[in-house]
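Heads up, there are several structures right after this.
Across the two complexes that follow, chain A remains constant while its partner is chain B and subsequently chain C.
Entry: the complex of A and B
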């Protein structure tokens, strides 16, 4: 067993044992951070590997969250509602990606951004059904116990992280990476670039939708501010870039750091967002490979 | 009557959109930068004008000039603090520069937005009209300021056209958009051309910001929407095509005005967003874009 695997196992055990020493407040912060970790990892699959800047992760997250929430209001139990939310995100993602993947770079980014703006408008216009700007309160919640919520989120993030990481290291992940870096050459080598990108988009949508649906059942409400707004997208992007793009697991590190710093800086009020954005900008300029890149490289040199 | 009202209001709004979008497309065409802090720069110019004119009681003209100055300053800051370090960084692979510029300017725009909200105000800011009074055009009351906004917008765009097509420096900009390496071989210094284009961009974006503040007002919460609308207009028209941006600005401006007057102001932006998605699917290079 390599030293790195051992370190990962120890860290995992520490995380599992964490609720026995931590306060409920701290657990709540980590629970949110874990869901954001999944958002970030799902986004990194598209950004780091497929090479597409998706400005609309919250389109997928929001679809999953609202589909699950609306079904729950109509009497569906949590588990089927969450699964239906994930299905909704994948279908929505496919509808968006099928034509959009013909576009590249900024064009793709803009279409995904527009999708978010449209979803936001639809939610506000149909306020009677969706709760509009106030939000949709759900009859059911995952649990009222902070520890259980923490463990649910940790388990979900752990499984998602393992699957996404394995996928990124698989032959399919390598083809995806090749397609992102040089689509023409990847195509010339006989790989179906469009198919791989579409698959990546669907998988990203699946995990985003699941995470969005689970998070609203933790929060007890689905609202535009928490799962659809552009500011959520920005946080996801910051988390990936901070942690290190093209690493998948860096997203977890970035999300925990981001949500943690946001919590520490809360007394600063509005200025906290400024500080977080400034930190992220500094990381981009000084360590473009993110936290994992910065530490990983030192590790290899030593 | 309503038709005339829509015609006039749509024209003024579209002119302002065109002014904002032309800067965005210019900076992309010449230096390949998609500046997602665009709305933030407009906000800085607007806030500087509002603060000088209102809080410091210097009057709207000095306010407008201060706004222009701060807008240019902010554009240069964006270039030197964010864009140039990313373009020159050795740690960032060449083919990923574009993605890093997008992310970097996005973060920079958020910093501007939050700083303005914190140190000044997150309420809507309005700069006093540059000229007061109301014209009566065939029964429709039109504030003089609205006419002035349209005139200044078109004057600025006209000046830009003369600069690019009729002056030596402007032709260098054009050449830079087509083939930067060829330009360096001819002995031009790219660094100076980039400075010039950021100066022009700063003036355009600042003018758009100040005019917007006198016309419709703006607020820190609005910066994302400003960037998104400039981005969509420019993509709709075709990235890098100035005439495409002008046409797209009028299409979007009139669609929004029509929707606001005839359907509901609440869904003002939806038809133009749908049109944008449709056009991109059918013709990904935009109306007048080349590939």
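Entry: the complex of A and C
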């Protein structure tokens, strides 16, 4: 265990030092990947632990991103705008989850999917305010320096990952897993399953909203394609499954891999999406527990 | 001493089916009550109502004087009721110890640090149920009995005033059985009230102080284990009253064997569901396999239908079935009508039947449909109705009729009487009798309703704890094998 902690620390130091050797372009790729890593970790808390398939991570991400962006346009500074974005995501998430968590089976997932489509339509319809399909240009950005942006994203992902990982390993995380795997038994053990799932949804919304808000301040624009579209949802889900569900940190691995490979294959044009999907499919078929699962198992057996 | 749990007038309906009707009983602290009944008698529903997993339609459940009927399960649990589940579903990424720790946690969102006293407590509980050596192992590496111990440990961890135990001994060997009896008896010594839910009195007789027997949702007897076993109504339910035998032509014995099962063994993970079972069915014969829930009847049928992997041989017309797909086996003439009926609920009666007749030529299909409507007239009256809106008995008839549409050479009926009221049972019985007398069909029937099984059978097998323990003619059953059925 301590060896694994050491390895994590070394990796973190390497990541921190990375900007001194890497190009601005490469840093940009990693910056986006780090925000995606947070999307993925927040989603894994719901899917891997609470056992709820949320097809609407981009509903939460989009709420955070657009709330922050719109407030910034109205003159709010970045920090309060980001925090307000996170609050908006949590409130929106609660409004969605309160009725949706009463549903069983695939219906929760369907409701969250519809929520994404609704948000997308609202953004397009109120184009005068939101910028519609063109996107919303923000007056402020986090920084114009690629290194600074990289470090901001790395710090945010590191802190988010540490918090979510600690939560997943805590007694509260244990109860959440029990609620996800066998709600009847969890209730018979005296746990209010609805309460724990709602809390998990709120926490997932909080981190999704924060990440969405921060990402648009890095990009300088909020657009449906980058933070709301269903294809973003699909990427988040693939990142988690690729990295290893129920691991939290696997989401980071999956996101970096997915975004990284997508960039490397960009010269292939349309074909790159196909290749990325094929690679993801192969990894899922060969390692159902994801990349972390594959390593973790070897570690345990050794 | 005053009662710890008082149940009064408890009633639960699922649509038109009354699962529990006006049920009343009490359990005192330090007392073990057995709640027994055949499949579909409502005993599990009663247990779920107490635990709060289902909400009662009427009646009162008081724990130490506090009305808990209708509370959500987590509140009932916090009030001091624990449930030992029959099927253990532990957290697989956590060790046995961590699984016990889970049960010790308060229902809190903000508990983020593990308390060390909790770990110690969990270890002590684990050792007390005999898990001491395996506490740091993961559940998937544990044998079946240890998984059951883990369930017990979780229940103990909650320090419940009332413990509900669902089928305490299902799937255990006799040595483990003694061990578990001791653990449950220990609950009594600690002053807890215990409710054991099981199928028959015999299994729990040594352990219980009192027994309440249920049938079709109603209490039919109460008293000590001996009293309940002697009770006329209980004997009637479990053994059947006077059995009307239907004599069959003697030439059947000379008929060739259609289905041969040889040394069949089936494992579900670590639990052995069938142990070297052998049986044969001759062409035109009506064979009943009698056994309680969990004896292995459904597993046997699923093995024949090619739905579960097995060891041993199954010969159909002398040809081994191993390696054939379930669909191929069904097309070769073995048609199973499963216990769960598996109707297409949103399709009409007619559509369900048409699906069964897909592989028949249209003319043959029309002919069979007319014949089936003659056999089950109620289905003709309901032909445009969605299957899910039928009553339980009508659904069962539809399931059988759909199986017959496939023109089976061997019809396997798995628990057709499950949850049916006596009057419906009588109709079903008549239909089967006509089937037996007017067609050359071969039938393999699995039943725990002995009366129903015997009245139609040419030959009977008794399946108990995964093994065939008796084989013979129905008229010899009561004398030679009946005692096991109380």
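By definition in this document, the second predicted complex is superposed on the first by the 301 of 302 C-alpha atoms of A that agree within 3 Å, B and C clash if a C-alpha of one lies under 4 Å from a C-alpha of the other, contacts with A are read in each partner's own complex, and residues count from 1 in each chain.
We adopt the following convention: a residue touches a chain if its C-beta (ideal position, glycine included) is under 8 Å from a C-beta of that chain, and two chains touch if they have at least 3 such contacts.
All of these numbers come straight from a predicted model, not from anything done at the bench.
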Contacts of A:134 with chain B and chain C, given as first, second, both or neither: neither
Contacts of A:280 with chain B and chain C, given as first, second, both or neither: first
Touching partner for A:237 - first (chain B), second (chain C), both, neither: first
Per-residue contact with chain A, leading partner among chain C and chain B: B
Partner chain(s) touched by A:181 [first = chain B, second = chain C, both, neither]: both
Partner chain in contact with A:106 - chain B first, chain C second, else both or neither: first
First, second, both or neither for A:288, with chain B first and chain C second: first
Overlap of chain C and chain B interfaces on chain A (superposed complexes): 181
In the complex with chain C, residue positions of chain A that touch it: 166-167, 170-172, 174-175, 177-178, 181-182, 184-193, 195-196, 199, 246
Chain B residues within the chain A interface of the complex: 34, 82, 85-86, 89, 91-92, 95, 98-100, 102-104, 106-108, 110-111, 114-115, 117-118, 122, 224, 228, 231-232, 235, 239, 266-267, 269-270, 273-274, 276-277, 280-281, 284
Of all residues in chain C, those that touch chain A in their complex: 51-53, 72-74, 77-78, 82-83, 85, 89, 91, 93-94, 98, 101-103, 105, 107-114, 154, 158
In the complex with chain B, residue positions of chain A that touch it: 47, 51, 53, 99-100, 102-103, 105-107, 109-111, 113-115, 117-118, 121, 124-125, 181, 230, 234, 237-238, 241, 269-271, 273-274, 277-278, 280-281, 284-285, 287-289
